[in-house]
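Right after this note come the structures.
Look for chain A in each of the two complexes below; its partner is chain B in the first and chain C in the second.
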Partner chain A sequence: MAIRRGRGIAAINYPTGMNLGGDPTQALVHSTPTGNFMVTLSSVDLGQGMKQIMAQICAETIGVPTDRVVIDTADTDTGPHCMGTFASRGTHRAGNAVIQAAKEARQVMLEVAAEELEVNASDLETDGQGNIQVKGAPQKSISIFDVALSAHFKRGRSISGRGMFLIPRSYPEKETGAMKPSTCYAHACTVAEVEVDDETGEVTVLTVKNVFEIGRALNPKMVEQQLVGGSWMGISHALSETTEPYYPNRDHGGTDFNQYLMPGPGDLAETEIIVLERPSADGPFGAKGPGEMCANPQIPAVANAVFDAVGVRIDTLPITPERILRALKAQAAG
Partner chain B sequence: MELRKDYFADVRKDGLHEIGQPRPRLDSPGHVTGKTAYFADRNFPGMLHLKMVRSPHHHARIRSIDASEAEKHPGVVRVLTAKDVPHNVYTILILIQIGPEDETVLADGKVRWKGEAVVAVLAETERAAQEAAAKVKVDYEVLPAVFDMEEALKPGAPLVNEYHGQNYYLYDSGECRKVRFGDVEAGFAQADHILEQSYQSSPIEHAPTETTGCVVAPEGNDRFTCYTNTQAMFFTLDNTSIILQMPGSKLHFVGGTVGGGFGGKVDVIVEPIAILGAKLTGRPVCFIYSREEEMQISSPRAAEKVVIKDGVMKDGRIVARKVTGYTDAGAYSRHSPYGAQKGAAHYPGPYTIPNVWIDTYCVYTNRTPSSAMRGFGVTIGDFALEVQMDKLARLIGMDPLEFRFINAYRDGDMKAHRQPTEGAALIECMQEASRAANWPVAEKYMAMSSYRKGV
Partner chain C sequence: MAKVPVQFTLNGSEKAEFVESGTTLLNALRDKIGDTSPKGGCHQGTCGACSVIIDGELRLSCLTLAETCGGADIRTTAGLAEGGVLHPLQRAFLDAFATQCGFCTPGMIMAAKVLLDRTPNPSREDVVEALSGNICRCTGYEPIIQAVLLAARANSQNAA
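Up next is the complex of A and B:
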């Protein structure tokens, strides 16, 4: 009886969105009298940071710092339609809608600034700090604060914009299955290293090295939070979780976190995250949807590592000590 | 985390002001100090609590319901049964024309899974609602149940759901969603080796910190405000409008700040019945799942069975792949017909294979209805595909990573569902993994690229 070590690899891709029903999201953007920007949506922040990312996308597009943007979501009396936060679609679909709305608002903002500065709007640029200046002559500038005041009280202009992003519905062809179910694809490759106790069947994930290609890391810290969490969830799925431990038997299902087991802080694998960025053609600043994909490759990587360690294949999830011991017993019996 | 900017630098414009910057989240201070308001932080004077009477049987006919003792229980304000729900038989994907309506808000004449909602009790306190729910007498005639997908598909199996008429979802393509590409039998005929393997998963729980729920307040203007943690505001509002036969203009949903979803909050379950309760009593109503309900009543990730048959050459090329996928929807559709179909498009994985045959089935059994979850329609498929890839590599005596390079899709390659590959990056992910994990591969694989000239 011994502790045996093994490692396994898996490589995957993941689709963004759900076009098999049509996939629309809208956004509205407007300026307050002092040049702060409101983004109105009905998209849902599940805790992953949707509001923060929409603020950064709006800020980048209009040309102001992120703290000048406020996200107002999700109130159906004010927010325009969004299909919802699922299918790795939130950042991609809502982000594109916010860009379109913000571009329209930015254009009005530049037109008002042009009138104030007595130049052409096409000669103006934003400095990203809250000012609008003449290209090549930055000393000739006006603050967005003053532009917004002018728009509201002097020029009678609404600095606002409407955004709509729709991926039209794809109907699968009956006989061939030809269809366009999603747009861009994220990618991943994971290597997991495990120890398996061949006496108890217990698996310890020592290290997990994840490489993710996600189009564009719009906010790298938030990408990290998502990818580290996803990696943990994948390992948990591989080794621990089920509501029906003896599926298809319905008995022995957990009803609280004492019975429904997941790895705790002491069980965390040493986790490495590496991110590549190949911008997608249709994503906001090239972003793809990494939210779901990041929890997938660890599962087969761990399964393959268990085989590498003890030479038995567990083709049923989760890979519990009981299943490993039964397989080892069967292997020993020849 | 390490950002490897050297990959794809030629197609990326860096140096933006706000994008690519690790700005602190504006909502973090509220989350970590307990100041962020979630739906359950709403509390209204006179608010009622809703508790469900649930089926103790996997499959049974309801002979009668006697709620007279429950109605007399102190604190009980109203008891609801199927006849109180205006449009009781519904299905959520009807909004994108995927029917038939196959599920009841409150069971009507029959229950099809253990835990199904039968009677709703509204009371002044949670405890009174719970105690009264225990006093509702339901007379059941237990029916044979089926739990195993293969058993369910056999002739003569107990029929789970009469609205479908058979124990699988009927697509326009027939009993399964199909993908056909090339000639899979010709591929198998030319292959040096054939490997057929079967993979299985069990249902799992989303395990959000915040359980599913809502708080409903009737407004003075004949409208209802519903504070909810749904993942999809208008999807839930529009389905509620259908179920309650109430114009959407009467409904006002407020949400957007949720304590974890993972796909577990895209079914429309708590809102319609809570709003109905508020309408019929004129009182605010809250309906919040207990942890036990979250784990055993709310939809889990579906169990799946995946059978993969591959034809592979000694040089490492996969020349044919046939996949049969089964998704265990439980007793009702919810999002499962969509998930099974999404799976059909995901196979055969990120590999270029000339001959592909895919069948994916959405199967009904007498268990908790499954639905969307992070990785919907894909996660279990990836487990099966990537374990199969490991087995194939070992079968032909090849390094598992090099074997994947040989088959990896690249820009312009036609996928089995007839979409050309764009923006591929699998090869680069594997190259970086090779380096990071010190898993060496031959130089020719490190020199590969997802780009193709002229694409």
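Up next is the complex of A and C:
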């Protein structure tokens, strides 16, 4: 009986969004009288940082500082239609919709500014600091604050825009079943090192080294945060999480989340995260969905590492001590 | 049921309320007094989201009866910022990106505060031990551990 060490590797492709009956998200953007911009969405921020990313995307497109944008994701009854924040689709789908809406709003904003400055709208540019100026003649400028006041109180314009992003439904070919389930894939690879106690069946993950290819990281710190947490969740999926009891009698199963255990702060593997940015063709500013895919590659990597350590293939999750001991017993009887 | 009077100090302010006997401190704080910084996660003392500091000790407000807190000095995360300036722990949680959905954050900060009050320069193991009663399901804990260590470093630099 001994502690055995193993190393496993796994790589994944992960689709951004899904494709059942078509996958739409819509967005509306409008300016307040003081030149802040409201983005109205039904896409919900579950804590993944959607509001921050949508504010960045809207601000970048209109040409204003991010703090001039307010994101309203409050109400799926009254907001523009969104399929939801799942399948790692939020940044990609809602981001594209926000870009389209923000472009339309920007155009109206430039038209109003053009009237105020008595120039052609196509000769105007934003300075990113809250002003609109004539290209090549920045001394001729007007603040977006004043443009919004003019639109609201003088010129009767609504500085607003509508955005829509739809991945149309893909039908499978009848003969082959081939279809296009997604237009955009993120990629990841993980190497896990484990120790397996072949007497108790316990697995300790020593290190996980992850490489994630996620398109452009629109907010690199938030991406890192998502990937660190996701890597931990992947290990949790591999070794801990189940609503079924670890042992055959259902009475021994968990009854609420207090017994649905995940690794605690004392059980953390040494974690390395490397981000590769290969901008996607159809993502907002090249983004893909880094949401869920980051919790996937650790699972096969840990399973492979367990195989490397003790020579048994566990193909049912989670990889519990009991499953390992039963497999070792079968192997010995083999 | 008869109501009982209870008086205590919350984040330096005197509070007096009538609560139904058996009301938890968590419910008294959130529903009566309006301090919603302690969160009701499990309501049975295992998740740590409701953590508050009572007379310098880390306590689970979901398992503490309000009527036992007469005369106590109670501190919550809502009272940490002074004059609009965030407490070093709050600053560190932001700077280290140690929060995602945010539900566990006030409890984590309370647990970290009790640690740093007693152990200004904790080791990583000290931090892990101090946070081990608080569940987070977003971050993977590492950013939270780093935030507490960051706050400790910031404190020691300010003291120096």
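What we mean here is this: the second predicted complex is superposed on the first by the 316 of 334 C-alpha atoms of A that agree within 3 Å, B and C clash if a C-alpha of one lies under 4 Å from a C-alpha of the other, contacts with A are read in each partner's own complex, and residues count from 1 in each chain.
By definition in this document, a contact is a pair of C-beta atoms (placed from the backbone, for glycine too) under 8 Å apart; a residue touches a chain by one contact, two chains touch by 3 or more.
In this text the structure is predicted, and so the values were computed from the model without any measurement.
In the superposed model, A:A178 lies in contact with chain B only, and not with chain C.
Of the two partner chains placed by superposition, A:D197 touches none, neither chain B nor chain C.
In the superposed pair of complexes, A:G47 makes contact with chain B and with chain C alike. Look at A:R313: by the touch rule set out above, it reaches chain B but stays clear of chain C. Touch criterion met: A:K221 reaches chain B and chain C at once.
When both complexes are overlaid on chain A, the residue A:M233 reaches chain B and chain C alike. Of the two partners, chain B and chain C, it is B that touches more residues of chain A. Once the two complexes are overlaid on the shared chain, A:E104 sits clear of chain B and of chain C alike.
In the superposition on chain A, A:P245 makes contact with chain B only, while chain C stays out of contact range.
In the superposition on chain A, contact of A:Q56 is made with chain B only, not with chain C. Shared contact residues on chain A (touching chain B in one structure, chain C in the other): 46-47, 49, 221-222, 224, 228, 230, 233, 256-257, 262. Looking at the complex, you find that chain A touches chain C at residues 46-49, 221-222, 224-226, 228-233, 256-258, 262, 264-266, 268, 271. Looking at the complex, you find that chain A touches chain B at residues 7-15, 18, 20-22, 42-47, 49, 51-52, 55-57, 59-60, 63, 65-67, 73-77, 79, 81-87, 128, 169, 172, 174-182, 184-185, 187-191, 209, 211-213, 215-224, 227-228, 230, 233, 237-238, 241-245, 247-250, 253-257, 260, 262, 272-281, 285-286, 288, 291-293, 295-297, 299-301, 303-304, 307, 313, 315-318.
Interface residues of chain B facing chain A in the complex, by the touch rule stated above, are 1-5, 7-8, 11-12, 16-27, 31, 58, 93, 96, 98, 114, 147-149, 172-174, 177-181, 197-205, 207, 209, 230-235, 237, 251-263, 265-266, 291-292, 295-296, 300, 303, 328, 338, 341-342, 344-346, 349-350, 358, 365, 367-368, 372, 374-376, 378-380, 382-387, 389-391, 400-401, 404, 408-409, 416-419, 422-426, 428-430, 432-433, 436-437, 439, 450. For chain C in complex with chain A, the touching residues are 42, 44, 46-47, 97, 100-102, 127-129, 131-132, 135, 137-145.
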